[in-house]
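Have a look at these structures, which come just after this line.
Shared chain: chain A. Partners: chain B in the first complex, chain C in the second.
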Partner chain A sequence: MSFYASTLIVYFFVDVLLAWALNLQFGWGGIPNFALIMFQAAGAYAAAVVSLGPDTGVNSFQRYVFGASLPFPLPLVIAALTGGLLAAVAGSFSLRRMRRDYQAAILLIVSLIAIQVVSNAVGLLNGSNGLTGVPRPLSGLLSGLTYDGYQWVYAAWAGAIALAVYLLVARLGRSTWGRALRAVRDDEDAAATIGLNPLGLRMQAFVLGGVIAGLSGGLLVEFLAAWSPAAWGYAETFAVFTAIILGGVGNIWGVALGTLLVQVIFLQVPTFLPQVGYTGLIDALQWVLIGTLWLVCLAIRPRGLIPARRYHAVPPAPGPGTGNPR
Partner chain B sequence: MLILQALGFGVVSAALIAIGAMGFTLQFGLTNVLNISYGGVMTVGAFAAFGAGELHLPMALEVAAAPLAAALLTWLLGRTLFAFYARRGAGVFEMVMVTLAVSLILQYGIDAASGEQIYRFSFPQGASLHAGVFTFTVTQLVLVALALAVFGGLEFLLRRTRLGKALRAMAVEPRLARTCGIPTGKIVNVVWLLSGALAGLAGLGYVINSLTIDASVGTGFLPLVLAAAILGRAGSTRGAVLAALLLGLVTEEVAAAGGAEYSTVAGFGILAIVLLTRPAALAGQATAKAEITV
Partner chain C sequence: MSPGPVLDVRNVSVRFGGVAAVRDVSLQLRDREVVGLIGPNGAGKSSLLGALGGQIAVASGQVLLGGQDITAAPPYRRARLGVARTFQHTSTFDGLTVYENLLVSALGAQGSGLRGSLAGGRARRQRLAVAAEATWSRLREFELADMADRYGAELSGGQRRLVEIMRCLMRSPRVLLLDEPMVGVAPHLVQRIQADCARIRDSGVAVIIVEHALEVVEAVCDRVVVMASGQVVAQASYAEAMSSGAVREAYFA
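== the complex of A and B ==
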């Protein structure tokens, strides 16, 4: 029971990082990042190959390109940088001014093709079998702990990272930069007229989101010790969108609530249920249900459970003592 | 030698991409719904043919099952589900999310129903014909001819018939078309049915060529179809065919040069390059106000 609880808590913190990354890009920046999960995967693969050690051939089924065994916390840093770098590359051609459905489709194509490449190019990251045996961080130093104890330490560590990222995004959301980003989202022409740089702001949000997503991937792979293409299908991105829209796009706490409901309760808890049918049946049905959940959510509560506060460009009704328009 | 032979494969690939992309772009250009569920519908079409084959139905029925099932499904989705969200004021992005949800439901519904298995798709390939360095099977030639027939048929429909004229008018200015007495509801029906039928044909062609079928065939094929439709400009069948030809040739050439696992990336590279170097080519259509008409 304690094992399940600590596992779910780690999943929650990882998923909430990913959700905040998307909230930054989509909720505030208006970028429909349908390739989101690819950035988490990039971080996970990066953290894995720099901590697995060289490809020694001992495990002959596992092949990967780059092998080093860097000490904690360097793999996490590299995971975050990889996510950001990939976002800069993907952003270079996908962030231009275009209709949002085009943008979504282009990013979706990027994500679908990336997964095909990683699955088929076996020498790169071991193809569809993925990488296993990723060492858990500080397991030498913490060897005195039981397995269960280690799980809780990891949960606390993931929580600390989530707190740090929360402080960052909450601050960014209130900052001038955050307001500028939302202004670009709402009216690009007007924002450009007052001297804002729409493409630059979108790129910054996209890269920062990529860094956070990459970090979440590193954190996840060091916990799971394994990563494969099965972990980052386009359905996973869709689940994050459902979570943040259900919770309330643009609202950090709403996004966290949506993550708890969709990613943890809806998607993770059933994996602890007894097996029904063949392996994978429950997984497949879960995705059918997630799709349905989104359709229902859009029909009955399009602005989410905790809607974002509307930011008024002009003070609503001028009354006595309205000093601050917000 | 290999490079030359790959041109032949490229043409066959291009034919399949073109059939899919024409159906996609026709529907997208008219309704402004970027329909991601198109991939799932391709899978449904392929499985309809597969099911008919398992029941030992005559081959004509097996082939007809794919476009029929896919057309019916697309029409139903368009007229009920997509129309419901469009009436509630869903914007272009929300509609993408709706179609993506349908795509998930279709893909994983089939996944669950088919027991996550990969099946052999047996289909007569006919004799191998040689022409110089090129080798085609009869079935491959039929697929290429089918793509050309679809292209010719759509061009005729769009340029030479009253229905096509009305359709083009509606794609440009739906409200004006309605005011002029064009039966817009009827045209939307035609477009959903046509687009679905082409999705079914593309899905069937894809599994005939690959000889295996599973729940993810449509989603696997979707990136190239989407890329061709975007590259060829929304609503343009000519553009879709040219873009499909380019993508088909490039992917097969890269595969022949030894990079089979990177062939789709190379195809996508073209789209990225166009986006980077000629954003204006897409900008005209890309920033115009889009009204969803379903």
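== the complex of A and C ==
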């Protein structure tokens, strides 16, 4: 039980990072990032290859590039940087001036191409079998702990990262930069007429989101010790969209609540329950229900459970209409 | 000081594929002047406005702002240099409140720096306070202070128009381009916007208005530029233009 709980807590923190990344890109920046999961995968692969050690050659059971054994916490840093770098590359052609549905289509296609390439170019990241045996960080230093104890230490570490990212995105959301980004989201042309550079602002949001998504991938792969194309199907992206739309696009706490409901309770908890029906039935039903949930949210509560908070302007001391005291 | 034209348009043409929407148009705009840009549908008025604002690329010719060539500058850079505009379609930031619509404009590029807006600091707080004060005084001037917390999406068509014009004024522009500001505006607000146009001009801004409602043009414009088939057919006072044979032909041919 304790094992399940600590596992779910780590999943929650990883998923909430991903949701905040999407909220930054889509909720505030208006970028329909249908490739979201690809950025998490990039971080996961990056952290995996730089902690697995050098690929030992043709006879080793898995093949990959850039093998190294970097000490903690460098793999996580590299995961975040990889996510950001990939976002800069993907953003350079997908954020250009075009209709938002085209952007969505381009990003979805990029993510589908990426998963095909990774699955089939076996020498790159061991193809569809994926990478296994990723060492858990600081397992030497923490070797005194039981397996269960280590899980809880990891959950606390994931929580600390989530807290740091929370502080960052909360500050970004309140900042004048965040407001400028939302102006670009609402009307790109009008935003340009007040001196804002739409492409520049959206690129910043996209790359920042990529960094956070990459970080979440690194955190996840060091916990799971394995990563493969099965972990980043495009459907995972839609689960994150469902989570933030249910919780409340644009509201950090709403997005966290949506993540808890959709990603943890709805998608993860059933995997710990006894099997019902034939194998794969629960999985299939989950995805049907995720799609239904998304549609129901949009129909009956389009702004989510905790909607984005309205900004209340405080008039200056003399009060409106008082005129000049002189 | 030689008061040259604030906006100097030299032989500008705009082409969409093979179609010439604007052909070899030249005009000058001085400070404290409201110019009405009129003409029948398809005359190229909005295309010309787009060429001045930077939304539409110029095929040939030059646009100079205060003597500086801005022909190749993207819209956000022109805005930073002092060109403000509204659009035919409503363009309020619907997910921002009225107050935020103006504040984000008052801060403009200054507020959009990522590092600066994360770092904080006294200079930045000072700038924010100045922008907030300017926003409140603009809201009071336009008697919209009690709507400060409404979302753009919650406004009527006329209120949106006002917010769009106010948002332009937060920039302290040198040139203001208004594209059919009266479309979808209730009659009592039309009066308001007319009065505001005169006030804006008197504050030292040069204004170009594209407008179909000729009574509005007559009331607020110091002179008119009449376009037809992408070309300027007359530049004169409203009364002169309306009695000109070329203008009648353009409208009724």
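Going forward, the second predicted complex is superposed on the first by the 299 of 326 C-alpha atoms of A that agree within 3 Å, B and C clash if a C-alpha of one lies under 4 Å from a C-alpha of the other, contacts with A are read in each partner's own complex, and residues count from 1 in each chain.
To be clear about the criterion, a contact is a pair of C-beta atoms (placed from the backbone, for glycine too) under 8 Å apart; a residue touches a chain by one contact, two chains touch by 3 or more.
Because the structure is predicted, anything quoted here is derived from the model rather than measured.
For A:Arg185, using the defined touch cut-off, is the partner it touches chain B, chain C, both, or neither? Pick first, second, both or neither.
In the superposition, A:Arg185 contacts chain C only.
In the overlaid three-chain picture, which partner chain does A:Ser139 touch, first (chain B) or second (chain C), both, or neither?
So A:Ser139 meets neither chain B nor chain C here.
After lining up the shared chain so the two structures overlap, which partner does A:Tyr278 touch, if you call chain B first and chain C second: first, second, both or neither?
first
On the A-aligned overlay, A:Ile290 touches which partner chain: chain B = first, chain C = second, or both, or neither?
Touch status of A:Ile290: first partner only.
After the superposition on A, what does A:Pro32 contact: first (chain B), second (chain C), both or neither?
first
Just to be sure I follow: which residues of chain A are touched by chain B in one complex and then by chain C in the other one?
On chain A, no residue contacts both chain B in one structure and chain C in the other.
Can you list the residues on chain C that touch chain A in the complex?
53-55, 74-76, 79-80, 83-85, 87, 91-97, 99-101, 103-105, 107-109, 111-114, 116-118, 128, 132-133, 135-136, 139-140, 145-146, 148-149, 151-152, 164, 167-168, 170-171
Name, in rising order, each residue of chain A that touches chain B in their complex.
Going by the criterion above, the answer is residues 32, 34, 92-94, 96-102, 104-106, 108-110, 112-113, 116-117, 120-121, 234-235, 238, 241, 245, 278, 280-281, 284-288, 290-292, 294-295, 298-299, 302.
In their shared complex, at which residues does chain B touch chain A?
Listed in rising order, the residues of chain B that touch chain A are 34, 36, 81, 84-85, 88, 90-98, 100-105, 107-109, 111-112, 115-116, 219-220, 222-223, 226-227, 230, 260-262, 264-265, 268, 271-272, 275-276, 279, 282-283, 285-288, 290.
Would you mind writing out the residues of chain A in touch with chain C in their complex?
Its residues touching chain C are 171-172, 175-183, 185-187, 189-198, 200-201, 204, 250, 308, 310-313, 315-316, 320-321.
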